[in-house]
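Consider the two complexes below, in which chain A is the common component and chain B and chain C are the respective partners.
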Partner chain A sequence: MTVLDTRATAPDSAAAPALAAAARLRAVRRARHRRTALVCAALAVLLVAFTAAALLIDLNGVPASEVLPAALGLREGLADYLVFQLRMPRTLAALLAGALFGLAGALYQRLIRNPLATPDIVGISAGASAGAATVLLLAPAAYVVGAPVAAIAGSFVLVAAVQALSWRGGQVDTYRLILVGIGLSAVCVAYTNYLFTMAEANDLAIAMRWTIGSTNAADWDGVTTLATGLACCLPLAVWLNRSLTAMALGDQLATGLGTRVNPARVAVLLLGAAAAALATSVVGPIGFVSLISGPIAVWLVGAERSVLLAAPVGAAIVIGADVLALHAPLISPVPTGVLTALLGAPYFVWLILRRGQGAS
Partner chain B sequence: MTHPLEARAIAAGYGKRLVIDGLDVQIAAGRITALVGPNACGKSTLLKSVARLLPLAAGSVLLEGADIHAMPTRDVARRLGILPQSPIAPESITVGDLVWRGRHPHRRFGERRTGKDDILIAEALAATGTAELVDRPVDQLSGGQRQRVWIALALAQDTPTLLLDEPTTYLDIAHQIEVMDLLADLNEKAGKTIVLVSHDLNQAALYASTIVAMRDGRIIRQGPPEEVLDARTVAEVFGLDCVVVPHPRTDRPQIFPLGRRHAPQENS
Partner chain C sequence: MTDTSPPVTSAPPLARTRSSRGATVAVLALAALAATLVAGIALGARDISAGEVVRVLLHPGGETFNSHVLWTDRIPRTFLGLLVGAALGASGLIMQALTMNPLSDPGILGVEQGASLFVVLGILFLGVTGVQGYFWLALAGSACAAALVYLIGTRTNTGSTTIGLVLAGVAMGAVMSSLITLLVVRDRVAFAHLRAWSVGQLTGRSEALGQILPFAIAGLLLALTLGRTLNVLGLGDEAARGLGVKVERARLTAAAVAVLLCAAATAAIGPVAFVGLVGAHVARMLVGADHRWSLPVAMATGAVLLTVSDTAGRLILDHGEIQVGVMTAVVGTPFFVWLARRRDLVRV
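Let's look at the complex of A and B:
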């Protein structure tokens, strides 16, 4: 019978395509490694260039050769004040907060499988701002530790509220999640603004960062908070990325492949919220960074590795925006968040329009 | 003898509504078992429950003799593969990358993909006849190709037991037979135990060595197609009159339904 014949020869005839496919897979894998290495090198160059620009532009008479020693805290006087007290914390805060925003956004986008579902859009940054502003204005003495803790608490409250309100038929409805997030975000912003009406002028200047997002008020305490946060969040993100990769195939198949889907989901939601909250507690809700970092990282290295790469991408965006915010002709100085909004808002609108077309 | 998969008095459902309650079933090793029955009879619920995709309200599921819920889920995933009804293909993922995901339970944390993994992926692709699609984005494939790629993922998982929830739904008749032939090959050559949910009684009869016929969350009959599939069972399970005729080549029973318009002529 012909049926038996093909079955008998199947293993041999299958060997050639299998070998060709394996060779192809190996070639693609190696090309991808090269691309990732290249992208990482390019990002490193970009970060160094932006950092140098942030420290070196417009030095007010401090010689450029003094900048490096001053940045390490080895000089006194004007060089120390300008570089070590003002620019270093601001620059490091921009880098670290950008990395945290990028990481948080990419985690949420991969988990929720929607490019719109980032911590700032679904209200988590607004919750963090409300928490941090509450501590600054009501208990200023506890600010250094209190603001980050309150920001994380605020973000967790928002995560729980948004999840609970967008729960429908045993699962979270993505569309509801985004709408509920935007609604609750408005409530938090209103609350933060209400706090400002009771604030004293001094505090108000610092607290304003929680309306638009700015690296202006960043100090070394803030840098310590951000560095600690990033050191905790990055390894957890690496660990959870594995589950996220499986969960991209749907909850059922992910479970079948040995992923504990529900604990992983809760962990990613909390980790993303904490990362965004820590960044927000120091530099405020710098808008759209978490929205655009993830897609750029996906475009650069593909989805599976994008979560980690979103951190340096976010860092590059915020430090780049910060340099422009301080030194760009005509508009400077403006809060960093204004520039990221100029960059990110058109993309956000485009995303919504594109989805609208897809739906109709 | 230990069964690869066994359910003991299990109850499961969605929310508070139990779809199956107090159900026992044993899956024979190295065979193809087909779960059949009308819509909402609990066949899919049964499959998901024994694959630990649904929590059990009562009873226990034994995988190779051990309680599946007491095992680390990763260990389960090395012994039991499940292809759900509508898995999601990540946007613009290639066939090779998708099938690579099947290696997930075998990877340790931080372990990178190596040449050995490439060979395993390629073998899974070749076994499903999709090796030449390796670089193609999954969202550009035809329905039949896509289904074979998903089965390749399940093969890359390399489990002795494989569960499939309606693997031939949405496919045309030629692709349905292609997928069923592939599953029969895997069963025959690799000795895989296969359990599938099927809407098509005739295909189930042609390919399965055991039929489990369900209705209202209960197993009505269970056994080889020749014993189970008769007009009485079809009437009892589906509420449908039919004529059962042996397949001209294989002698397996095949169903010819008798609708309201056809039944009287048959009776007269």
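Let's look at the complex of A and C:
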């Protein structure tokens, strides 16, 4: 989108080639628009299909025609319980949390310019999980509001610590950042594990959610939290994406183009952490979603628009994994995070084998 | 182990440790071990006075509750901690020497997770019970995991193999712990049991001491013979070959010992990260890079670290205790971060 207008700078004598170049640019742009539209349509179809699968498979005797009204809260009894109380919050939580994870991952990957530097790898999800689990166990009454706030606080602490500890000689080395993040996330995971082995209520579902990530325990309160979070994070991401596009050219050039680089960097770090933390506060640290979504989005539509497209990609991954986690033969039911890790870790290995550096 | 190479006649090239310093450190290490042993036995959630402890120790077989606590819980627990800590310290040092990677640790590289996965498979599908059965499964699992992580980690494109190995370890660790969850999540009893085990703890594992003792002792003795081999391997493959060492064979032997030690430790108390990392680095700070000295010292530092962490975990809370795996993560992470910040680590 930031292609410079060549016509304005070209001298008159060179007008003909410049016009030809401009025409070519317009053609490229049109093709890119077409591709984006196509990708968006395909993703929309995929999301609808997964959502339908999540709501319709294995209905326990509720007629399929009842599902849509029940999903809107218009039925009572079994249909209401199964669809409106259980499946709708779970499905919506999977979609919204996936979108937030995808957004967070793409923001970090684009800022740090390394596909490995996502909130789940550098420990930010683990920090958020530790914060939310603390509220859950120490102040369960304040849980609905307290968990997201504590998760965001935990993630901000982790961002600050990771940045400060990987700061050396006036700059942050990407791989040092990743190593420090891995170390700090080990502490957070140890702390969360400790909380749950100590807790009186050794509830399996809850422990699953905070250590591996699961949509199993999502309720309507959680969906409200996620929807509010996404509604706040998306516009900010759109706004910051302009700065990110400029910063992709290098800090000096970005400064020349009028971007205030350091405030923008801090804003992106905090926004990504907050998005990952909000998702984590409801469904737990579902791993590898933010790692996979960004590169898939880049592959689909190119780096510039990838940040926003990573949201629906992440949503599709989590809802798809959730349907598999609930209904796949032999293995189901398992926590959603298990499946995303089994899908994502091989990709991670491929990533460090093939192209450790310089993605997006 | 079986060092078939002709004896190296010249002075070992990395012998930076003067024996006087080595002797001082050895005395200090023994003193620290003794202090740890005393602390592990004397301190705990139940206040038992020093005089009472001595009295119970002098008169084994007493019927009092204090006697029961000491003989069936604290004493075996302390010795198990020392044994497992020594195994992890030696395993970490050997792994660091073989991979030439200061961040190698059986926990960080996912080797312990591989051991855990195989133990879980054995419990669920082969009906294995008892720590000795766990050990053989853990051995197979850690060997597979170590080979896999090494193959991936040394082929990465991440600037240096140091980081590649850590990232490969993280990825494989995630896969294996996911598979463990996948296997046990529908079995409530197995899940509850494995949740406690998967954190890594010494609580209630006293019966493991007798069963794991032969394996751990064998591994530690084999490790003690590796010092010279590791020194020579540290010179680089060509120099080592020039000195008459069969490099691949020596490397494989050392790796096998490291895996054996890691398997014994994991089978006994579950995965505990960072003990090998910290133990090995502290040992090298104390006696330098000569592995003939640093291997026994790493055993001592690992043993002290694990047992002190466990004792501290028993004392911090008024009720209950903090598992040793959590304590070592809290102690080890600052160390890991400090290592990661070193300039020479990134982009070797």
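Please note the rule applied: the second predicted complex is superposed on the first by the 336 of 360 C-alpha atoms of A that agree within 3 Å, B and C clash if a C-alpha of one lies under 4 Å from a C-alpha of the other, contacts with A are read in each partner's own complex, and residues count from 1 in each chain.
Note that a residue touches a chain if its C-beta (ideal position, glycine included) is under 8 Å from a C-beta of that chain, and two chains touch if they have at least 3 such contacts.
Bear in mind the structure is a predicted one, so any value in this text is a computation, not a measurement.
Model built by superposing both complexes on chain A: chain B and chain C fit together without a clash. Of the two partner chains, neither chain B nor chain C is touched by A:328.
Contacts of A:231 after superposition: neither chain B nor chain C is touched.
Contacts of A:266 after superposition: neither chain B nor chain C is touched. Here chain B and chain C are compared by how many residues of chain A each touches, and C touches more. When both complexes are overlaid on chain A, the residue A:18 reaches chain B alone and has no touch with chain C.
Here the vertex is the CA centre of chain A, and the angle it makes with the centres of chain B and chain C is 100 degrees, a multiple of 10.
In the superposition on chain A, A:303 makes contact with chain B only, not with chain C.
With both structures placed on the common chain, the touch criterion links A:142 to neither chain B nor chain C. Contacts of A:74 after superposition on the shared chain: neither chain B nor chain C is touched.
By the touch criterion defined above, A:48 reaches neither chain B nor chain C. Minimum C-alpha separation, chain B to chain C, in the superposed model: 16 Å. Of all the residues in chain B, the ones that touch chain A in their complex are 14-15, 48, 51-53, 72-78, 80-84, 86-91, 93-94, 96-97, 101-102, 104-105, 107, 109, 113, 115, 118-119, 121-123, 125-127, 131-132, 134-135, 157, 185, 188-189.
By the touch criterion stated above, chain A contacts chain B in their complex at residues 7, 10-11, 14-15, 17-22, 24-26, 28-29, 113, 170, 239, 242, 245-246, 248-250, 252-253, 255-260, 303-304. Interface residues of chain A facing chain C in the complex, by the touch rule stated above, are 116, 121, 165-166, 168-169, 173, 175-176, 178-180, 182-184, 186-187, 189-191, 193-194, 196-198, 202, 204, 207-208, 212, 287-288, 331, 333-335, 337-338, 341-342, 345-346, 348-349, 352-357. Residues 103, 152, 155-160, 163-164, 166-168, 170-172, 174-175, 177-179, 181-182, 185-186, 188, 191-192, 195-196, 199, 273-274, 320, 322-323, 325-326, 329-330, 332-333, 336-337, 340-341, 343, 345-347 of chain C touch chain A in their complex.
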